[in-house]
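The data blocks that follow each hold one structure.
Both complexes below contain chain A, partnered by chain B and then by chain C.
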Partner chain A sequence: MILPRWLWAPCAFLLSVLLGLATSSILLLVVHQPVLQTYNAIFYGALGSWDALQSSLVFAEPIAFTGLAAAVAFRARVWNIGGEGQMVMGAFGAGLIALNTSMPYPFMLAAVVVCGVIWGAIWGFIPAALKVWLGVNEVLSSLMLNYVAIFWLDSLLYGPWRQPGGGWPFSAYFPDAARLPAIGSELDVGVVIAPVIALGLGALFRFTCWGFEISVVGNSHQAARYASISVSRITIMVMLLSGGIAAMAGIQQVCGSAGRLYVLVPGYGYLGILVSWLAGHNPLAVLLMAVFYGILLQGGTALQIAQIDPALVRIIQAAIILFALAGLTLASRYRPRPRSSTVDRA
Partner chain B sequence: MDFQNNEILLSSITKHFGPVIANDSIDLTLRRGEIHAVLGENGAGKSTLMNILSGVYSPDSGDIIINGEKVKFRSPWDAVCRGIGMVHQHFQLVEVFSVLDNILLGTTETSLRLNRSEAAARIEAVANEHRLHINPDALIWQLTVGQRQKVEILKLLYRGADLLLLDEPTSTLTPTEADELYLALRRLADTGKYVVFITHKLREVVATADQVTVLRRGRVVASMKKSDTTIAELGTMMVGSAIPPQRPIVARESDEIVLEVENANAFAEFEFSGLKGVTLQVRRGEILGIAGVAGNGQVELAEAIAGIRTLQQGGIRLNGVDITKSNALARMRAGLRFVPEDRLGMGLIPELNIIENVMLRDYREDSLSIGSWLNRRQARSRADALVQKYDVHTPSVDTPVRFLSGGNQQKILIGRELLPRPTALVVAQPTRGLDIAATRAVHDQLLDLRGSGAGIILISEDLDEILQLCDRVAVLYGGSVRGTWTRSEADRGVIGAAMGGHLMDAA
Partner chain C sequence: MNTTILINILAGSVVAATPLLIAALGELVVERSGVLNLGIEGIMLIGALTAVAATLATGTVIVGVFSAIAAGALLGLLFSLLTVTIRADHVVAGLTLVLLGDGISSFSGHGLVAKEVPQSLHAVPIPVLSDVPFLGPIFFDQNLLVYFSYIMVAAIWYFLYRTRPGLALRAAGENPSAVDVAGWNVFRIRHLAVIFGASMAGLAGAFLSIAYLNSWAEGMTAGRGWVALALVIFAGWHPVKLLGGAFLFGFAYILIAESQVLGGIFYYVSTYIMQMFPYLMAIAMLAAIGRRAMRRRIGAPAALALPYAREER
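For the complex of A and B:
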């Protein structure tokens, strides 16, 4: 049986997930946990009902944004590890407007989102500028800027922006005009915006000159030089866009159901990197992988509610992801032999 | 039996790579004291055969018989132990080590203690015996390519090699160095070594070999004494049909200068030489050849003209217009195109398909994009047209370029650069690694362009190619031009000497 080429990745992915589950089963058996019951709990907790699915999507939403952000940068082989910081600065930018100004509804929300995106883009621009003009490795600078962003927001939340009279590091609630419209009980419009951005990116990569330049730069700097494409220009533009999209993850978290600034749950920025790799930096696949990861996270929550050791939950998640990463890598590397006979060797 | 003690036999060696037969029941007889040339085009199976003989590959079937004894090599080390040593096309030397250390590296010394002076004396003895003198304390990076090759040979002899395999040994040498190598090989054969070299250069075979075996498509076409054959006959056997005569080159008529480089100075690429005051002129309908050994400024010169490397000093004019400050895009639009020598690193993107590679430098042009949107349909039809025009063998234009053979990749690269009918073209190493048919196709394209009145700079390490095609030849050595000769004055010996840095006369 010969599978068509485009089916390899999905099949490899499914197979890897099954292998991951099989490996986890061995672990569960070793520690005397009921295997089927555990998996049942994951399934019902993450997919079993509309509420469960919604909870999974709540996890998936920020990951989708940071994943898309990572995909933009990685396509140009600009290693933006700063999704986390750009996300936090997005939340900061949103709070800056929401807490300090007042405007009628559509203008307020627009200003909040634009300000957040600009701050995310600034956080992307700094490592890009350091790289282009001073040759600083963007991996290190973007990573370090994550901590700057996190501690900056922390200092505001423990200081001037803390809700008057409150003991927790929360800001005051945003005015309603600054809130994202809700969909269902837990979700907001971010769940629609992410696919729109993904489609936009897909079109950008495939149908525009700029997308073509990104893929040239991502494949070979020498070829880019040869084609008179400025690697510096692409690096900066890509980091601005990447930072702006990552900021959406932060904006969505604070302007969604939370409705105020808080110390963001750490890790979504890094998960975006992972998800982008799983998706081969393809924006539409990033969405699917973000949902998949959301399901894993929500499944983990469900297991904890079912009194299973959280460490065990993490191990199951890690096993599945490792297998998926390996499976997808193998699927993209492996080439069928017969190809060489169809290509003339002369 | 006596003759068995002086023969190495390869008997019906067969090797498959997937569905491709690289070697199809090949027989080869090597005799002591003889220089044996294995002649064939790229892809004829020469390298596979040599890799089998040196233990890198094991054959699917067939035997290697040394002195009447069947041997099986499980690794290159087994072959080394049987006295078989290979000089690779790309030398296996540590650049920052001395000659002595490189020779000692990986030897079979049993004791842990390294006795340098004793080893140096032994090397000295070996070098004396074969007249291969090299200062053992010199560092490899200080040596010329020819000297490095001597170190490689010395290394094998020191390890007791009885059979020397050389893979395309003259491909990076100047003609003078090549002549020295031929002498050295002859001396080695005279002292009773087996010498085998693989090549696709007919002249080389005739210059040195005693015995010739011609391979084509993985089979032995013929094996004979050199004295029993001629260059023309060998060429026919290698290609499989008579080589069509070279197209006659009509003398140019114009004196109008298309491209002019004046006193160009550029910084060096890593370990290369940069440009030091290069001045060149190319006229309409003229091919100017740039001869020289790799690393003498060719890359810098080509990139500086194409506009992807900045000049520290000097100027470039295209059709009388100063383009020194223009970027690559402006130069392209002014009719200057460039075929870089690094085909897959710069000229093409192996992971992208043919359509995208055809767009690579021209996606901004009106026909391929509308505003900032790509016109992929137009790009596809352009790619289709190019594939058809140059007879590129490919399943489709959606195939990534890395799946194509070198010849087909080069057709796409040159086809793309010739499509906008350039008035000036810089082309570097256009036929490296191509077989004779593909080489001819490339040469025809260049001659057609020359016929249409364009000025062409042809940079090549292959002196034969340059002498065949060019109206004038300039030699680049150490980043500067060491003389220019017209077609009628061009003399292999003089040009070869200039390539090695020697000027024979004040030409």
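For the complex of A and C:
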């Protein structure tokens, strides 16, 4: 083959994006929307200037965290669909400390982050425990817990935690000591933390025993048992880690530029799953895909400013994802095999 | 609590249960054929929107219902092309379908939000049965789609357990190579099953928007598609056992809707906490079933969510 093995997936993805754009152009024409103006607005609004790029990264940040969270679980083939709920519980945990205690700066922030991560991990632990001990399908239990988490935060924001005197479902502002340091006008330090976590996960998967065990469990439970790797232990550890990382998405949203609890924008948890899959559960590729998605989302905002229906971006996204799903599946099947046969891409 | 209120609540539960039952019946057939369609939530949203749009455009509810079924079938075709033909991962394809349905329905539904459907499905009491005391008004004074869901339970049971194609479909979910060797076309079985299941999900969405809530709202399915998926597991992949689970969840939804009216302890519980209830109930039931399933080794079709390829036979 002319194309080296490792280039198959990226090329398939690029081709899929192009096909997706072509298809959405046709769709846009069908619904009588200006095609070039739409793409133009998305491009300049999301990449055209430093400010625009920064706004794109603001969208990319939580997706990077939920994407990394999904990658950890999916590598072990544990289907954690609960990134959304773990993110919300992360925000809740952060608020729990930030709104109820006061400490000097570094301790306060540390306590806020740790508490958020613990709550996210708890929300990851529940479906893991249900799966390991009661055989409950983790797709459904983690998903149901998303709704529980969202309603729980709602009940607080419309109830005891609502800012005194305010009509909107916002909490009071967090003290400055509980805020993440800012980078630039809109970004916070999370934009650095996400790559650090990605590198850490990359090293974990590649160089550690534990990362190897995760891959074995992900490829075959039977092989794992023969190698006396406990599938239950890996499932629980992977879900704790995944929940904790997903929680960072929530912590970053409330302790970043918002600085208070609010009803989080829904969907980042689910986007993380897609992003992770598109990236082949490779942590560094997850970052790239998160940025790609951030650009699309910021493109939606840009459309609104250009007075074009922002939901058009969703159609473009959908078209791209469908082609990428088909394209990456086919690419992994028909790419040249190495000597030893490998298991098909999940 | 007097009997009239009780009858009203139980009759309401039957109505609230119907979309769950219809969607779950469809998914049951899909899963029995070996395909896992997690995209029900998205298909229901598109079905709900299509039904409202078509009903408002033509003024006829029947057109709305059939458009929703057609929209569901189309999404089903898309899903089966991805999972059966291209053999993409079922879980990822399903989630994509949810995002797709959510995105498209909220995009196309802007102009329709809060527009009431003029003439929605109304109750058609069945002559003799509806006069049965207590049970009559609960089960037999409902709209036609509710009756349709009863019939479908029986029809799907009959199809799966008493016909040869039904046997082939069940076998395709357990051991597709054997079905292939026996001369049945596994791909065709799975394509048709997925399209059928997605049409049912579209219909379930239509029921929500034109027979239950009477208008379109963004994200109006509110997790019902996922609850339907859980119901299939509770029922142990058996159509008749779906009835009980669906009615139980219908009852839960009605309790939430009526909690303020009911008074008593419900008055003091925040509505947000109440709204968690169906999901917590679903998890609790999955846990209860899970334990039993582990003991008795009953459960999912053996080839569920495994793409079938002839060359790997």
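Simple rule for what comes next: the second predicted complex is superposed on the first by the 330 of 346 C-alpha atoms of A that agree within 3 Å, B and C clash if a C-alpha of one lies under 4 Å from a C-alpha of the other, contacts with A are read in each partner's own complex, and residues count from 1 in each chain.
In this text, a residue touches a chain if its C-beta (ideal position, glycine included) is under 8 Å from a C-beta of that chain, and two chains touch if they have at least 3 such contacts.
The structure presented is a predicted model; accordingly, all values stated were derived computationally and were not measured.
Participant: When the two structures are laid over each other on chain A, which of chain B and chain C touches more residues of chain A?
Facilitator: Looking at chain B versus chain C, the one contacting more residues of chain A is C.
Participant: Please work out whether A:139 is in contact with chain B alone, chain C alone, both, or neither, and reply first, second, both or neither.
Facilitator: In the superposition, A:139 touches chain C alone.
Participant: Between chain B (first) and chain C (second), which, if any, makes contact with A:321: first, second, both or neither?
Facilitator: Touch status of A:321: second partner only.
Participant: Answer with first, second, both or neither: which of chain B and chain C does A:32 touch in the superposed model?
Facilitator: Neither chain B nor chain C is touched by A:32.
Participant: Mind working out whether A:210 is in touch with chain B, chain C, both or neither, as first, second, both or neither?
Facilitator: So A:210 only meets chain B here.
Participant: Let me test your reading of the model: by the given contact rule, A:228 touches which partner, first (chain B), second (chain C), both or neither?
Facilitator: first
Participant: Per the contact definition in the header, classify A:274: touching chain B only (first), chain C only (second), both, or neither.
Facilitator: A:274: touches chain C, not chain B.
Participant: Which partner chains sit in contact with A:220 here, chain B, chain C, both or neither? Use first/second/both/neither.
Facilitator: It touches chain B, and chain C stays clear.
Participant: So which positions on chain A get touched by both chain B and chain C?
Facilitator: 346.
Participant: In the complex, go through chain A and note every residue touching chain B.
Facilitator: 206-212, 215-216, 219-220, 222-223, 225-228, 337-346
Participant: Using the touch definition from the top, list the residues of chain C that touch chain A in their complex.
Facilitator: Where chain C meets chain A, its residues are 38, 78, 82, 86-89, 91-93, 95-96, 98-100, 103-104, 106-107, 110, 223, 226, 229-230, 233, 270, 272-273, 275-276, 279-280, 282-283, 286-287, 290-291, 293-294.
Participant: With touch defined as at the start, can you tell me which chain A residues reach chain C in the complex?
Facilitator: Counting only chain A, the residues touching chain C are 79, 81, 130, 134-137, 139-141, 143-145, 147-148, 151-152, 154-155, 158-159, 270-271, 273-274, 277, 309, 311-312, 314-315, 317-318, 321-322, 325-326, 329-330, 333, 346.
Participant: Hey, which residues of chain B end up touching chain A in the complex?
Facilitator: 17-20, 43, 306-308, 327-329, 332, 338, 340, 342, 345-349, 351-352, 356, 359-361, 363-364, 369, 372-374, 376, 393-395, 399, 403-405, 407-408, 435, 437-438
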